[in-house]
Amino acid sequence: MKRIGVMTSGGDSSGMNAALRAVVRTALDHEVEVFGFLRGYSGVINKKYEVMDSKSVSGVIQRGGTILRSARCEEFKTDEGQERAVGNLRELGIDGVVVIGGDGSLRGANALSKKGIPVIGIPASIDNDIFGTDMSIGADSALNVIVDAVDMLKDTASSHDRAFIIEVMGRNCGYLAAMAAIACGAEVAIIPEITFDLDKIAERLYARYKEGRTNSIVLVAEGAASAYKIDEQLKGRIGYETRITVLGHLQRGGSPTVFDRILASRLGRNAVESLLQGESGKMVGQVRNRIVLTDLEEVLGTCKMVDLEMIELTDILGR
Amino acid sequence: MKRIGVMTSGGDSSGMNAALRAVVRTALDHEVEVFGFLRGYSGVINKKYEVMDSKSVSGVIQRGGTILRSARCEEFKTDEGQERAVGNLRELGIDGVVVIGGDGSLRGANALSKKGIPVIGIPASIDNDIFGTDMSIGADSALNVIVDAVDMLKDTASSHDRAFIIEVMGRNCGYLAAMAAIACGAEVAIIPEITFDLDKIAERLYARYKEGRTNSIVLVAEGAASAYKIDEQLKGRIGYETRITVLGHLQRGGSPTVFDRILASRLGRNAVESLLQGESGKMVGQVRNRIVLTDLEEVLGTCKMVDLEMIELTDILGR
Amino acid sequence: MKRIGVMTSGGDSSGMNAALRAVVRTALDHEVEVFGFLRGYSGVINKKYEVMDSKSVSGVIQRGGTILRSARCEEFKTDEGQERAVGNLRELGIDGVVVIGGDGSLRGANALSKKGIPVIGIPASIDNDIFGTDMSIGADSALNVIVDAVDMLKDTASSHDRAFIIEVMGRNCGYLAAMAAIACGAEVAIIPEITFDLDKIAERLYARYKEGRTNSIVLVAEGAASAYKIDEQLKGRIGYETRITVLGHLQRGGSPTVFDRILASRLGRNAVESLLQGESGKMVGQVRNRIVLTDLEEVLGTCKMVDLEMIELTDILGR
Amino acid sequence: MKRIGVMTSGGDSSGMNAALRAVVRTALDHEVEVFGFLRGYSGVINKKYEVMDSKSVSGVIQRGGTILRSARCEEFKTDEGQERAVGNLRELGIDGVVVIGGDGSLRGANALSKKGIPVIGIPASIDNDIFGTDMSIGADSALNVIVDAVDMLKDTASSHDRAFIIEVMGRNCGYLAAMAAIACGAEVAIIPEITFDLDKIAERLYARYKEGRTNSIVLVAEGAASAYKIDEQLKGRIGYETRITVLGHLQRGGSPTVFDRILASRLGRNAVESLLQGESGKMVGQVRNRIVLTDLEEVLGTCKMVDLEMIELTDILGR
């Protein structure tokens, strides 16, 4: 290979820049040129790119977001769009592509691969909902943002005898809510994977109130319910006031944690080396601390499960 | 004076504990006993208090919220409630009281003072809406929380070509929105003190878009409009997508900044010394770096203005 | 078992409180009483302890250091001291002990176990130098403190054309230096496990300088060399000025990261459940994301190796 | 005026970029061109500069350090160097200059002004040692870095019964040590402005120890003594162990606080407007919240005093 392309696609997550840096510098170390496509697949379709050198990724490892920018691209979901992308990649002499992104982005990567372009995917998603890797890039950073925020809210919760109902991201996956609940000592975590009974939750919080414990934290994954809906059901039934916080886009931002910087560096390096070794149609992930390749078909067709141990931990420790 | 009372009342703000520590230690330094009433005025009405020694405020200067807890107290708003509070204070041998809180709390302090209890108020309000002090305790900390959050959102805003419409606290006072706008380089600040024209704002953002500047930050004080209302008017008119974030209670929390810790330490010390010098019915504030006393009547009857210079700064610099 | 003891011992690390909380609440969940010994083994020898209830560990998950305090205890290193400790534990009706700490603390745990007291160890060490667990409690927090500090120093390094030589902890183990080097994009990592050649390092930095790259970060593990010694050898040879920073005790402090809070929660829970299942003389660790028990003899007799992949990553990416 | 120059000079401080942004955008708002000289006065002598537009200062308000870089320049201290600088400025059609920096930089600004170039200085120094302004740019940020670090060290100090002796910047000026001592609740502050008696300090700490207060924080300004010297005198005399931390260059870095961003924005704007109004040889400062101009001669000839109130506060509150 003489020239590869790289892009970030879908919702941004903290650590994408660290992955990009690793891709660029590993490729240069192997004397392979790197074209960085702007705004994901739309950059391929519209031939918007920058030639990357070592300096173009200097000082980016600590920055959130993505310097290549990201976007959704409706055109690329069509066969015509994909053909145009393949044509452009061939015209530009691109021998392989690294795609950094979440579920939708990896779906695009799979499509490109099927049309004959060698592609390796790197999982980046704050939801941590991608099969084939224990952690996707951005999840640890998002968790730390959430927990820092909850630590702040606890100052007010304990000063005022209040329950805070805090909505975090996670459409299909309760990972962020479940892990944040353990890490901030929340009393309740509500996640899409597990059915919940608000009457029982209200009873439990009221029982604690009767014992003199007059504040609490309830974490809700957006995919399970909205904080507003939970609030409607709990207020007036637990003995003290409730307040709502929706963390929203804050969770995507901020400087990546060490965990995400190192994960991104490992995955970025291995994505390029896998391409050079002739791999394609695969995602590089970290499973039980080891770097592994998984077929994109399997990645996209498998649902990732939250570890039941984590649910138990909140139950036992959040009392 | 041999014994004074102290309480925190109303919405909590970061730095209340630092003020409490200064009140306690200054009083002890003058060999005056300190009773800390729990949950504001309701602690006085229900005789809930702790006797404070030097150790009881060890390690609290860096903690957000208030270790004395806070609450609203409807009963204290009635004459009967106030009489009962006065009776309890006399019974407990309290020679004077320091009240740490915002507008409503200072109104209560004024009532107590009129009934013959020596009282000094300390302004604590993240909104910074209290006349008689350039800064109230918690405003600088809240501002830094806001600006840290906006810095994070800017990562996503610039990665995705988006406008973020961010709602911050401030019912009558645009201080937080105006200052945060300067500090994070926002393009627009919408505050209650100044009439705004959403058509012009949309035009201005669209004009920037045409010049290739495809992301922006709009800060809105809750007292001027809700972020949702602003979003309705802007979306579809500026050339790129909009997103909403309501920062909410996050703004109250977190460890106080150095500014708030020092302000609180100065005001706490001076509140006690003023009481000892026979002052009452006044609030201690910091005006142009100096500690000054202002009659509570004047404090409560005067509207604090946002400095026009700050509005101009956003206009000139946020381009 | 009806009653267990718990202590934190040796150098403090962030997350010890989270482990303690998990130990206490898991034990209470099994209706087992918990005595918390103060200042490690000296609390056992001097019978200084507190009976822990659920509230005694409320609000501690986010706090650095250890609420049980820690200390070195020379007396416990003698057979007499150990006998006295065993006698006290029997007298107090303690059926088992959980020891949270590093190498030296686990050595003490092993001694207690050999004398017939059921003991489970939990690895807590910012150096991450304990065999039998991929990560010990506090290492991820320490790394994040280091990397936040280096990110700050890079502001000055790049403003002034300077090399910063930064000394981090790690007596026998270059983990912190190696991982921090990847995570902050350092140019050089000097660790005890690998011989280093300062002439080559100087040449490499000077070659970069000739290409116009006029600032750099050199991370040194204290066990490999002092920053002062490295500075002596580099200054005057790389084309630009050098500056030294020794991070020191800062690395131990601060609120634990999410990773450390969850690791500590898992290990604390499993330590208690292992004791209840009749295990002793073992350490509970996390290996490839799973909880495993390892004999303390093996833990203490095995040297943990830094992963060579991490050394390569700095070489490839730090250019 | 049609074209002005701007530079950052001397030690970097957090907020320099915010000042630069305000200078550039205010000038552009008045349709004045801006040349940004690189590496302070050496950029003028060597004609190294960039033409600044609005985008060149996008996204810099939150970044520490200085994008124009900074340096000391020996040549500019000579009359020949200054003449050369003046010649270059005239050749480049520069009608006025804004210099952002500390004492030495303002001395250079005064020299340029005397040679007929209109110059306005902006005070930037973490030491806060410049007369003519209550706060110089970077001091509030440095203080917050110090206090965050001390908060971390307190975790370890209280876990281990230790005194931490912490050396902070401040060659002639104890501002950082004195203010940080109040803000982190330190027991002792040692500053160059006040003679100190280590015997008395040791006695006082030992007396506290006897009362059961077995940890403490001692803040030392580098201009008063080194932490190592203080440690030599205290260790073995206070009842518990001592540890040393030298914060060093960390204090310069990090994202500027809100206070510094707004101070820098105000000063940057007013520096340009003062130049346009024909002012020269002056520094723009913030005194009692108002923007004021002071002759550089007076700035450079006057020693700034630490407020005695701040010394008293540590004495009263740090018990």
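To keep things simple, chains are lettered A, B, C and D as they appear, and every chain counts its residues starting from 1.
Note that in this section a residue touches a chain if its C-beta (ideal position, glycine included) is under 8 Å from a C-beta of that chain, and two chains touch if they have at least 3 such contacts.
This is a predicted model, so every value here is computed, not measured.
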| item | value |
| --- | --- |
| Joint neighbours of chain D and chain B, given as chain labels | none |
| Identity of the chain that, by mean CA position, is farthest from chain A | D |
| Distance from the mean Cα position of chain B to that of chain A, given in whole angstrom | 35 |
| Whole-Å separation of chain centres (CA-atom averages), chain B against chain C | 40 |
| CA centroid of chain A to CA centroid of chain C, Å | 28 |
| Overlap residues in chain C, where contacts from two or more other chains coincide | 151, 154, 158 |
| All chain pairs that touch each other | A-B, A-C, B-D, C-D |
| Chain A contact footprint on chain B (complex, rising order) | 8, 12, 14, 39, 63-66, 69-71, 145, 149, 151-156, 158-161, 164, 243-246, 248-250, 252-254 |
| List of chain C residues in touch with chain A within their complex | 21-22, 25-26, 28-29, 54-55, 58-59, 61-62, 134, 140, 143-144, 147, 151, 154, 158, 179-180, 182-185, 213, 255, 257-259, 261-262, 265-266, 269, 288-290, 309-310, 313, 316-317, 319 |
